[in-house]
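Can you read through this structure? Questions will come right after.
Going by the order they are written in, the chains are A, B and C; count residues from 1 in each one.
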Amino acid sequence: MTHPTGQQITRDLVRPLLLTTWRFYVMIALFGAFVVAGLVAWLSQVYFGFGLSGINWPVFWGFYITNFVFWIGISHAGTLISAILRLVNAGWRRPVTRCAEAITTFALLIGAMFPLIHIGRPWLAFWLIPYPSERLIWPNFRSPLVWDFFAINTYLTGSLLFLLLPMIPDFAVVRDSTTGIRQKIYRVLALGWRGTPKQWHRLESAMQIMAIAIIPVAVSVHTIVSFDFSMAPVPMWQTTIFGPYFVAGAIFSGIAGLIIAMAVLRRLLHLEDYLRPLHFENLGKLMLVMALLWGYFVFNERLVTYYGNGPHEMAVFWRTQRLSFAPLYWTMVVCNFVLPLILLGIRRFRTITGCVIASFGVVIGMWLERYLIIVPSLGAKYLPYSHGTYTPELVEVTITVATFAAMCLLYMLFAKVVPIISIWELKAGEHPSPALIPPATEKHQLGDLHL
Amino acid sequence: MDRRSFIKLTAVTGTGAALASCGNPENDFIRFIPDEMIVPGVAVWKPGVCSLCPAGCGLTVRVMDADADVVRDGQAGIVRIAAAKKLEGAPDHPVNHGGLCARGQAAIQVTYHPDRITQPLRRTGERGDGLYEAVSWDDALAEIVSRLDALEGAGNQGSLTYLTRVGRSHRAALVRDFLVRFGAPPPVAFEIFGDDVLRRANALSFGREQLPTFDLANAMYVLSFGADFLGTWNSPVAQNVAYGRMRQGRRGVRGAFAQVESRMSQTGASADEWVPVRPGTDGVLALGIAHLLMSTGAYPSDAAGRAGALIEGWAAGLPGYAPEDVERMTGLEAARVEGLARQFSDARPAVAIVGGAPLAHSNGLFTALAVNALNALVGAPGRDGGIFFTPQLDVAAAVQSGSPAQPAVALESLVTEGLAGGASPEVVFVDGANPVFTAPPAWRVREWLEQVPYIVSFGHFLDETSILADLILPDHSSLESWAEALPESGAVMAVASIAPPVMRPLHQTRATPDVLLEVGRMLGTPLALPWETFDELLGASLAGLPSASGSGALADARQAGVWSGELPAGLAVADSADTSPASVPVAFTAPEFDGDADEYPFHFLPYSSNAFLDGSLAHLPWLQEMPDPLTSAMWSSWVEINPVTAERLGISAGDVVEVTSAHGTVRTRVVVSPGIAPDLVAMPAGQGHRTFTRYASGRGENPVELLAPMTDAATGALAWAATRVRVTRVGPPDGRLILFAGSLREHGEEHR
Amino acid sequence: MPQWGMAVDLDRCTGCGGCVVACHAENNISTVGDEQAAVGRAKHWLRIERYWEGDFPDVRLKFRPVMCQQCDNAPCEPVCPTYASHHTDDGLNAQVYNRCIGTRYCANACPYNARFFDFFNPSWDKPLQLQLNPDVSLREVGVMEKCTFCVQRIRAAGTQAKAEERDVADGEIQPACVQSCGARALVFGDLENPSSEVSRLSRSPRGSKLLEDTGAQPSVTYLSRLTQV
């Protein structure tokens, strides 16, 4: 297998920015249409009343919060993975990092919309912000929702920086390969990058700091999301395991999202030379680890509940295990555990296709996991007289679909304006300290599992 | 904002933020308005009387200002009115003692109902189309007067028929007087869940043709045969008040309570012991208990006096009612019969209650007499913790109207005669009754009314009966006019609940008593009713009553909404003159049921709905949305089926089924209920209106449509619990059974 | 400072529903209609729970009125991001409708499911709106609402007592549900005052709190229904 040279890297990776086919516009229109549909759905919910949703007494949280947790979870794809790999200096990460970081940013943006979509009076959402009001009214700092507000904002800011910093040299590359108005735009974006050793040094230091800083933020953000549940005295919510369980689940779904995104980019942008089976295999192994970890957490959570045998917990427990939610529950177990274990655990299946199939399974499974955390508990909370059920309505389904379309749309547009693979990181030779980043070779295969 | 104030604000908010992060600061931040600056609106409280059922509970009405869209003298506009805001039980009222039931609370929605008839209407379309034109009161009254004059001209005054509801009041007395003076028969009152059998039995047993009052508060043991006395029967609020005292109102003493019925009612739910027996055999159980009491020797048979003498074999100690015989007839184990008898004799004072379904069988009078005899045996009549008969003000005597009392005709016989080609009324006045809805279709009341040439309704709403009317003269609501009732029961002393209007009328309506008085004056031959207005009649009636304050009984009533006290001699309704013992003592006869037991395997029990009674309250949205106490159903109707039966029929909760009797079919939804016998299905009355405002029309099903025209053999009263039905599953749940509750059981249902 | 509380004597409660409608009448709770009720949007600040026990013929039915328990350690309060749900000095869980943004977090945290959400702007078919109580604010779409112990009555009585320079007497304040109850199953008053009827009943050996193990420290005591042996 040959490795592309510097010139070719630039040509291949800048090409998607310059060449736009009709297919691109069709896809944009398609995804755009879904996004518009979602917007219409949301506006009608605001206009006609929240009752258009399927939310009811006592299931006051439904699809929207599921989506919120899901997208925040997906956002753990990038930054965390890329930061860790950066810190351990894994060379194979280089074509993957930007894909991943972009997912983080967009998933966070989408996830952060859901509290707005979800609340009853979104026009007053600014009351969550601690702004100096003349009436001295502050948000309630004891509320996990306010913690969410800070955690997500911090994470978003960090992720944006983490995404933008390494883009500067690439903007410079694009600036140098384009002309006209494009060149002017990228000149601004490149912030006067000249590639001097001093600039490289500063970039390197900044990236190092960001990589270290972003990891605790990422861990904390999903822990805090889990606090939304574990801080409320709801059966099967109030459990100490939720923090790590949510973080593990988030990384799990994040990797799955990343694998899917990479496979799509590889196919559409013809990046076969850059995103190679090795990358998929390595990510697949990571995902396998996470699948086992996830399985451990779920087993732990369920077993402890079962032995605790609290009557209120057991009502929820049996609801998911055996009764009305059992089909969804066992689908989740298959998607999140059985499928990854087979496809990623057996070497023969750990191909790009295998990884992608497993990833789709995990994305579905992790979405279901969040749904199954939220809805069965709320529907069977303590006093049986007040138990209830939940069926999503059209607006909720539309908005959910629209957010997936929004993810695709944002990603396509992003890949259109930014080289989706970090050019400078690939060009190990142009780096001032190439020794820091050795070229990607077979040696960097993760572990040596022969299953 | 200048720089200085900006800095100040920043400093202040910064401190605020610092404070907010510790302690419980929200009180300081949220409540910027000091308590003393919150001034609740200024309310006036006025007395009122609840008119939704005959219990005659006293109200305290909260009145405050409100801006109403009203039409006055043809001009529409927004006017500030004194509007009733909330109805509460009058604290010192001798019947309800401050309590008020759900229906009473909702009574205020009658006044403000969006579908109230706001002015006189004359029919323009076919009968039943609901097409009406507005007419003026003058034209409307002239039209009635010409109709009545025509009757008089033809010498046919007897063909005026007045349909009304059951209930004693001055208004009823006025109507009666109006009719007598005109030469028409007395008003015809019909109520599906009526108590005529019990009144008749009480007349025979105790010489009082009225419903009894129970001194539950002092009872140690209450044995109720089918009476939903905590829900809908007799004087429910008074009985709730007394029940609360019976249970926990006496230090260290708690009265016990057993309920005999085969479908658990809201009342049965509160019982310590719930005793299902075969339908129509409650009287047997009562006599079985009496037999055991007498056999111990503690209660000699002659203690029951006249009430006992009415029962065959009483003097001999009821030899045919040994526990084994009772077990054979009622299905209740002999040991439980003995247990009930032991409690009934040990816990003194004990009292038995009977009402509702047990009396709605072909042997209803026997059952009532049997329970009366049991009460008489233990000396319950007139003793603390026993039964009383509230002294009744004799309005006719009080106002010296001097019209002779005529026996009323039953609706059924009137209809049967009319349809058979006999005498049929020329003019029908409908006042508060809706027999087209509440009478069994087999009686063909609608058909009978359709052949009446002229129908006048005084109703507030278009319902199944008033939509047949040619002229509608809407009455004031009870908040807009003099409201009064003479409670038949619920207190030991005589009571007259009387209250002046609480607010001005919202619409172009007129009080029906005043309309009748005016019509009486306008007739070609005036009726010479001695009162100008209804309150003059009230004044005349109360004039002879003692006044606590000395300013007159009516003035007292104006203040308190009630007069209560000793009735002077001559003003009380006398005991029934019928003191001769029944020539032939009654014996148990097996209840007869309509429908073949093979073809129609289930007994059918319609019951008075906690929310709507017989359906007259189905138009009130609060009651529609109130969860039913037992099923938690809202805005729905349903049929209750035992779980074992349901499983055998392949029916699960919520399924759509057809309930079919020999007289009709209704398609409704299933509530699987553990509190009902396997051979019984029950349906609440109240829903299934075709025409009754936006909230009730087209909603649910009316169980009365299934009823056979069975009657109690002795009194001719409708035996509404004597129909048999079959149940067939039609399909899966269709979403029209709306339940508030998620689960039937508190523990472990999910895992059963 | 009084601490308001309630005692519910289940031995007196007959499940009649008078309190349920009284609450609607007093607190401007809109009816939602059949379609909304069918999807679980009915608002009953006070509900009478009923539970079946056993099977025919040995079957029993228990009633239990459940309203906001006005917990001392209310789980709904800390989770509200805007202080719409907060604790007052006299022990009430106040809900400031105007400050509510509708996260519905409080409803999830409430172990009793005593909180209800306005899914649409409430409406009254004219002229039913003439009945509305001017002392109770109307809630718009998107806010949570719940039993307030009829705080408007508590404040009115407090103002009246202050004007007359006296303390509020025991039994002077009756929430609408307490007022309507014929069987006197509901008793309201000041738990701080040891001689008030509600304190006396709350100390009864029959008394217990609902879902005590959640640690919410409710202010409502349920007095168990006795069984005759």
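Methods note: contacts are C-beta pairs under 8 Å (C-beta built on N, C-alpha and C of every residue); 3 or more make two chains touch, one makes a residue touch a chain.
Everything numeric in this text was worked out from a predicted model, so none of it was measured.
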Selected pair, greater C-beta contact count between B-C and A-C: B-C
Central chain (distance from its CA mean to the mean of all protein CA atoms): C
Centre-to-centre distance between subunit B and subunit A (centres being mean Cα positions), rounded to whole Å: 64
Centre-of-Cα separation between subunit C and subunit A, whole angstrom: 43
Geometric centre distance via CA averages, subunit C-subunit B, whole Å: 29
Subunit C residues counted as touching two or more neighbouring chains: 42, 47, 49-51, 83, 99
Residues of subunit A engaged with two or more neighbouring chains: 58, 137, 140, 383-386, 388-389
Residues of subunit B engaged with two or more neighbouring chains: 26, 29-30, 632, 741, 745-746
Parts of subunit B lying in touch with subunit A, wherever the complex brings them together: 9-10, 12-14, 16-17, 20-21, 26, 28-30, 32, 632, 741-743, 745-751
Subunit B partner contacts - residues on subunit C that touch it in the complex: 9, 11-18, 20-22, 24-26, 31-34, 37-38, 42, 44, 47-57, 59-63, 83, 86-89, 94, 96, 99, 125-135, 152, 155-156, 158-159, 162, 176, 179-185, 223, 226-228
Residues of subunit A touching subunit C in the complex: 48-51, 54-61, 115, 118-122, 124-125, 127-128, 137, 139-140, 142-146, 149, 228, 231-234, 378, 381-386, 388-389
Residue ranges of subunit A in contact with subunit B within the complex: 58, 130, 132-138, 140-141, 311, 314-315, 318-319, 323, 379-380, 383-389
Complex contact set, residues of subunit B against subunit C: 24, 26-27, 29-31, 35-36, 38-41, 64-66, 68-69, 81, 83-89, 96-106, 108-109, 112-114, 230-231, 236-238, 240-241, 243-245, 247-249, 254, 256, 264, 266-270, 272-274, 276, 506, 610-611, 621-627, 629-630, 632, 634-636, 642-644, 673-678, 694, 699, 735-736, 738, 740-741, 744-746
